[in-house]
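Have a look at this one.
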Amino acid sequence: MIDARRARHSRAICSTSSARLAVLGKRAAGALGLGLLLLGLADCRPNRAQEDDKGSVFPRTETFYLGGRQWGEPSTFNPIGTPGWPISTMNLLYETLLMYNSLDGRMQPLLAESYAVHDDSVEVTLNAAARWNDGQPVSAWDVTFTFGLGQRFKSLNIAPIWQYLASVRAYDKDGREAPEANAGQDYPRRVVFALNPEKKNPLVVLDALQAQIIVPRHVIEPLLAERHNDLDEFKKLKFEHGAVSSGPYRLFSSSSEKIAVVRDDDYWGNVALHGGKKPAPKYIVHPLYKSNDAFSVALRQGRLDLSTTFVPRIWLKAEKGVRSWLDREPYFLSSSIPMLLVNHKRAPLMDVHLRRAMAFAINYDDIRELSVSGYSEPLRPGIILPFGLERRFFSEEDAQKYGTWFDPARAKAELAAGGYTSVFGPRGELVETRDRDGKRVPTLYVKSPTGWTDWESIVRVAVKSMRAAGIDVRERFVETSLFWNALYEGDFDLIMHTPSTQPSPSKPWSRFEALLTSRDFVPLGQRMYKNIGRFNDPHAPGYDPRIDELLALIPTLTDDAVRLPAYRELNALFMREQPYLPLVYRPDTFYEFSIKHWANLPSAANPYLPPLIPGDRLGTNMLWSITPVSN
Amino acid sequence: MRLLKQLLKSPFFVLGAGLFLLTLSIGLLGPSFTNVDVNTRAGLAYMPPSAKHWLGTDHMGVDMISMLVAGLRSSLYVGFLAGTVATSVGTLIGLYGGYKGGLIDDVLTVGTNLFLVIPSLIVLILLSASVENGRSLTLIALIIGCTTWTWSARAVRAQAASLRNRDHVALARINGFGTLGIVFFHIMPYLLSYIFMVFILQMAAGILSEASLSMLGLGPYDSVSLGKILNEAKTNEALTDGAWWAFAPAMVLITTIVFSLYIINTSLEGVFNPRLRK
Amino acid sequence: MLKNRPTLAYIVGRAGWYAVTFFVAITVNFFLPRLGDANPVDTIMAKVSEGLDATSAKAKEEAYLKEFDLVEVDPTGKVKRDAQGKPVRTSLGHQFVNYLGMSVRFDLGSSILQHPKRVSEIIKAALPWTLALQLPTIVLGWLIGNGLGALAAYRRGVFDKLMYPLALLASAVPAFCFGMLLVYVFGIRLEWFPAVGGYDDGLTPELSFAFFRSASYYYVLPFASVFSIVVGGQAIGMRSMCIYELGTDYVKYAKLLGITESKILFYMFRNAMLPQLTGLALALGTMVAGALIAEMIFSYPGLGMAVLTAIQGNDYPLISGCTLLVTVCVLCANFSVDVLVGFLDPRIRAARQTGK
Amino acid sequence: MGVPIFEVDNLRAHYRTRFGQKIQAVDGVSFSLKPGEILGIAGESGCGKTTLVSACMGLYIPPLHLSGGDVRIEGNSIIGMDIETNRRDVLGKKIAMIPQGALNSLNPTRKVKDLASDMIRSHGETADKKVLDTRLRERFEKLGLPGDQVLNAYPVDLPAGMKQRVVIGISTLLDPRVVIADEPTSALDVSTQKAVVKLLFELMDQGIIGSMLFITHELPLLRHVADRIAVMYAGEFVELGTTEQVIFDPHQPYTRALMGSMLSAEPGHRGQKPVAIEGAPPNLAHPIAGCRFAERCPTAQPSCSTNRQALRIVAERQVRCEYAS
């Protein structure tokens, strides 16, 4: 039970602890010099640091080390707002209603024991055993409250769902709508999400059900009320200790070096969901190293058990007991498509010939082999993944007919068709591109944030091959702080972006939507978060309403047989128009693990769960299956 | 000429100059021997040294030799540009402040100290964000020059101050030379050798700071530099994958340049000192 | 009253100038990062705007802008927007006034990117590590370097012939090169030392032997990566200073007076060391920057990375806080050296008394 | 005037350069000092005077080496004793030296009294600070120096002339039997020169110092200072006689030239135009067959450049020239 006093108190705790750390540090400053001398005597046997456990707060055999989810100490653990790991990702502390399994496309129960999609609503029934760690049951009112927040505070990430919802109501077991929460012994467990008739879209609702953590109404509501429902004030509560949550772990400690959570042995789900089993690791620790390569060093040394960082040439680490989802190319399970967004409001990029020429010009194999270390299936036309669950919507035939791939000859042909001519210099380097009136086409710049090395190399390869094909483009690497503004306000010719990355029930629809929708279409200079390149302007002459029709239609379809033609049509349309330039496939999260200290982690050979780290949606469930390696 | 003879007597100078000329010639003449191409991939990532690629390839499969030559060129360029800027700014301010003394000197000292406490990182990122073409090699060189001149200013200032009350200066003053006239014709000539040594050190400093900037991922976007090679070797895990050829040669090159500059400087000091120390 | 106390007068004068420097510095440090048109909220928005729609994104952005007092707000509490619908940024002057107001209350404000964390918290947590790594390295390095330099100058012969080029080489190797090399050889190939972090992941900072041992074990490589360079640089400087001192008349005279070698050595060391003090002060000023490299290479805990990310993400309060820290350190170091040298070196004092 | 307290016997010393060259800076110098006697040594700069100083004090620090001869003080040789004993028992105690250019001879960061106490302590005296301080004050006042004021000052605070006298004060703290003054008055204005010389005389009168070796490049200056004068050229004495002999009736051509080359207002020289000596001293890196002054000598004979010249007695003084008479 956490109230205002408690919250203030907990902040006090934190500050004193950091003060202690400061003092300690000052001592250390003096002492460490002397420590060196000690070290002269101290033996430096290989890996001593990893071998002995003496004085360890986290015994190796009971601790699962994972990394790559969080950079820098989380500033808050407030479940509402912008917390860091493990709350930003789900199901260690706070839990979602359902969990989506990207391997079989099914929803698995968590707080909700079942769900049903009706024509005008989605209905969810909570697990009777679900409890907050203060003993209170998780009730339908918690759910209505949580989603209600999105209605009250437009700045919350749940807010957008409300354009698809008419209402979220709690019903008791007799199907009567439960009145306002009264602390009655009997509490409602049924929640009905009524769909907005104008924008009927069960898919996004399902997305929300597996993405939105449920917060304890009986704790949050009073705290909010005390602050006169001022969200900014409320966000200042850090919920560091003694927070009320429903998940299998609780926050143990958090510093600028690591975040640690500790097992809650009375977790309701142990009995209700896992046959009385407890999660194997008592502690889960997320070290906060400062660069990607540090994580992979830690993996090799067996200090880290699982990482979601990008680790190049994973096969070279195998000898050190490092594994990935697959033990051969492409090693990972891709779910997103990094691409070059094209600005359709800037001449001459609205010309389909030019866009298709670009698409034919880019050497996708170089990108795959060099920029992403081969962690990608060969790129196929369109934006439906030709593997995994989405394969069923992918049409080889359409791909052949409308698609684009690396083919310099076709690129030149498209350029010719568009009336473009390329002028090359004596040493074969491109001088300029001319349009059909013989006027010089201004150099087009590809924007990408400086220092994002993988994107940098992708862009370099793309630019190089486009120039080779005679298209006058150049790299422009900009400060990250400026990059985002440029992206959303449409200040670019071409720009790197990966839309809608997470696998979810609504894929591949949400990917199409993120790229093609003409809803909330705003001119350049104002922020647009979907269809960022301003393709298919509804107010412009050549507007094709069919796209938005399909985007509206697909979510309402339930039968794959009916969905297939719709998806085919949409994808073919994308291939023909080539509004944007997909470059390569990427996993949503990377997944490398060490076999030194924990066994039976999910992998392609043992795919009982998708490749996700504990504390990231369904990934949490691995904690009940993994076993310590006895050495 | 006599000076050069004297210098050639000192083994240090010979060693230093030799090393420097070596690196310089690699940088300048390299392209005419091997074809330096840092854009086309010559093979897979981190291919070990072979007959075809003497130092293997980098993470983008580009021939390492090409990368090194290109990197060396830009490092030397940065060093030279930054060194020139820093030395001239530092010298001017140092000379003027040192000669004038008094209030002007104090004000200039404040200015000098300012640059000790303004992180050049901020200046760099800010400027590269505001400059249209982003963080070009030249921009970086200029910024380094404009932020590292402080100590040369301090050094020159001290020297100038010591010369301030020399007879010939006083004489010039009596004969009604203007401040600048005195600074340039009656003080600077005595410090030329010293200023030259400052320049050499500033050059080394420039090369080092460019390298560390690139190391922090703030390197030039438009060209290869030794620091950038190292940074990319690190971020692309050349270390964990044991691709020593991706970073060791670059390290050797940087160290060699700086080392050679240092010993050139010290050998010069050995020759100039008698006069400087009076 | 100062008239008859020239030294005191000098100190007061110096202090005055340092005060001026300080104020100019914090002013510059305040305005510099804010001059660009980058906006920290963009960076936050990028992190959290996945799947947002236009309206809620707008709401979120305004919430942040208000929170950090970056926009003009009209009486009704709504964010003012210009013709293009872009929010109107608060004038820098206004921000500066707030900043000064907070500074005098020793309130560094709260970070933007790590909202709602206080800047003071962040610094408090990270600074000890930076100090623990940098102070001993610099101070020890300075002492040992000067020792070696003096010895080489006094002994000459083989020792000097070996030490001198080595010192030159050591000082020529960039810190990060050496660091990477150490990581590669001792961390990855031989696996003698951990190449990553500040102490065993299984521990938490506390005053226990286990922690202390682990910390010193993890300390070795980062320390070594900077130490040798400091030593080298200092040794070179000290050596030439000492050689100069040994050539002076007063040393010759002392020899002829039959004063013991140890005494003469002491004369030489003391007089040669005075200029080196300035070097020490400057070195202390570059601590945070130095830490940055160590944090990059060894992902060692510390302030450097916080500063870098703050600068890249335009986290104004954090930048201002850190630069303030650096400014104070550097200026204090320089000032104290100024005064100290004045006390230790009568020549300088005399020079000052006769008006520099 | 009894037995000589300081005897230098055919002393030879050389430098060994970095390139292994051997430079015979002092080549067979012999002389002796009786108690209370002042021997002046004159010669151009670079004639080996300063080398002679360290050679006479038995202070051989590479690259300076002893090549032969002996130095005896009060009868016992100081040659070949190890550097430490020499330091403790000879330097500053038996033989003290007053350096030229005293301006920079005092450690700038050390108070005069501290330097002085260092000097005393270095010779094994373990008196406590108080005692030393009083002793120093008394001594300095005895020499007519403002004791406390000077002792508590740093060198920078002292005017040039005062510095020189302080140096003399410190050098003679331990009542050395022999004092070697190396150009003690050069770079001083005339009045201070006089003061310094006066001080030196007082020291002798008070018996604080036994006898003195007064080295200068200004031969005439020695007239009022020295009892006997030796003229040094290219590492050798070329003439050694009483002051009157050498000043007023020089026999060796070089001595004459030296007198001539001096701008001086000596009676009997008035009106005589000073003439500079052409040419430069010979390079001592290579042994010289004949007279070392031959090539500059105005009265040189063909044989001079071939015949090794020896010191011979001419008109009751030693002269190194076969044509002198």
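Chains here go by letter, A, B, C and D, matching the order in which they are written, and residues are numbered from 1 within each.
Just so it is clear, contacts are C-beta pairs under 8 Å (C-beta built on N, C-alpha and C of every residue); 3 or more make two chains touch, one makes a residue touch a chain.
Computed from a predicted structure; not experimentally measured.
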Pair of chains joined by more contacts [C-beta pairs], A-B or B-C: B-C
Furthest chain, CA centroid comparison against chain A: D
Chain closest to the assembly centre - both centres taken as Cα means: C
Euclidean distance of C-alpha centroids - chain B vs chain C, Å: 22
Whole-Å gap separating chain A and chain B, where each centre is the average of the chain's CA atoms: 44
Averaged-CA centre spacing for the pair chain C and chain A, given as whole angstrom: 37
Separation of chain B from chain D, taking each centre as the mean of its C-alpha atoms, in whole Å: 52
Residues of chain C touching at least two other chains: 36-38, 183, 188, 296, 312
Multi-chain contact residues (two or more partners), chain D: none
Sites on chain B at which at least two other chains make contact: 125, 129, 234, 239-240
Every chain pair meeting the contact rule: A-B, A-C, B-C, C-D
Sites on chain D touched by chain C in the complex: 54, 57, 59, 61, 87-88, 90-93, 96-97, 99, 101, 103-110, 115, 118-119, 122-123, 154-157, 167, 170-171
Of all residues in chain B, those that touch chain C in their complex: 101, 106, 109-110, 113-114, 116-119, 121-123, 125-126, 129-130, 151, 161, 204, 208, 211-212, 215-216, 230, 233-234, 239-240, 242, 244, 247, 251, 254-255, 258-259, 262-263, 266, 269, 273, 277
Contact set on chain C toward chain D in their complex: 248-250, 252-261, 263, 267, 270-271, 274, 344-347, 350
Partner chain B, residues of chain A touching it in the complex: 291-293, 296-297, 300, 311-313, 316-317, 366, 369-370, 373, 450-451, 453, 457, 460, 464, 475-479, 481-482
Touching residues (chain side chain A, partner chain C) in the complex: 14-15, 18-19, 21-22, 24-29, 31-33, 35-36, 38-39, 42, 44, 46-49, 53-60, 63, 65, 72-73, 75-76, 82, 153-157, 159-160, 163, 231-232, 235-236, 238, 253, 255-258, 260, 285, 287, 289-291, 294, 297-298, 300-301, 303, 479-485, 487-488, 500-501, 520, 522, 525-530
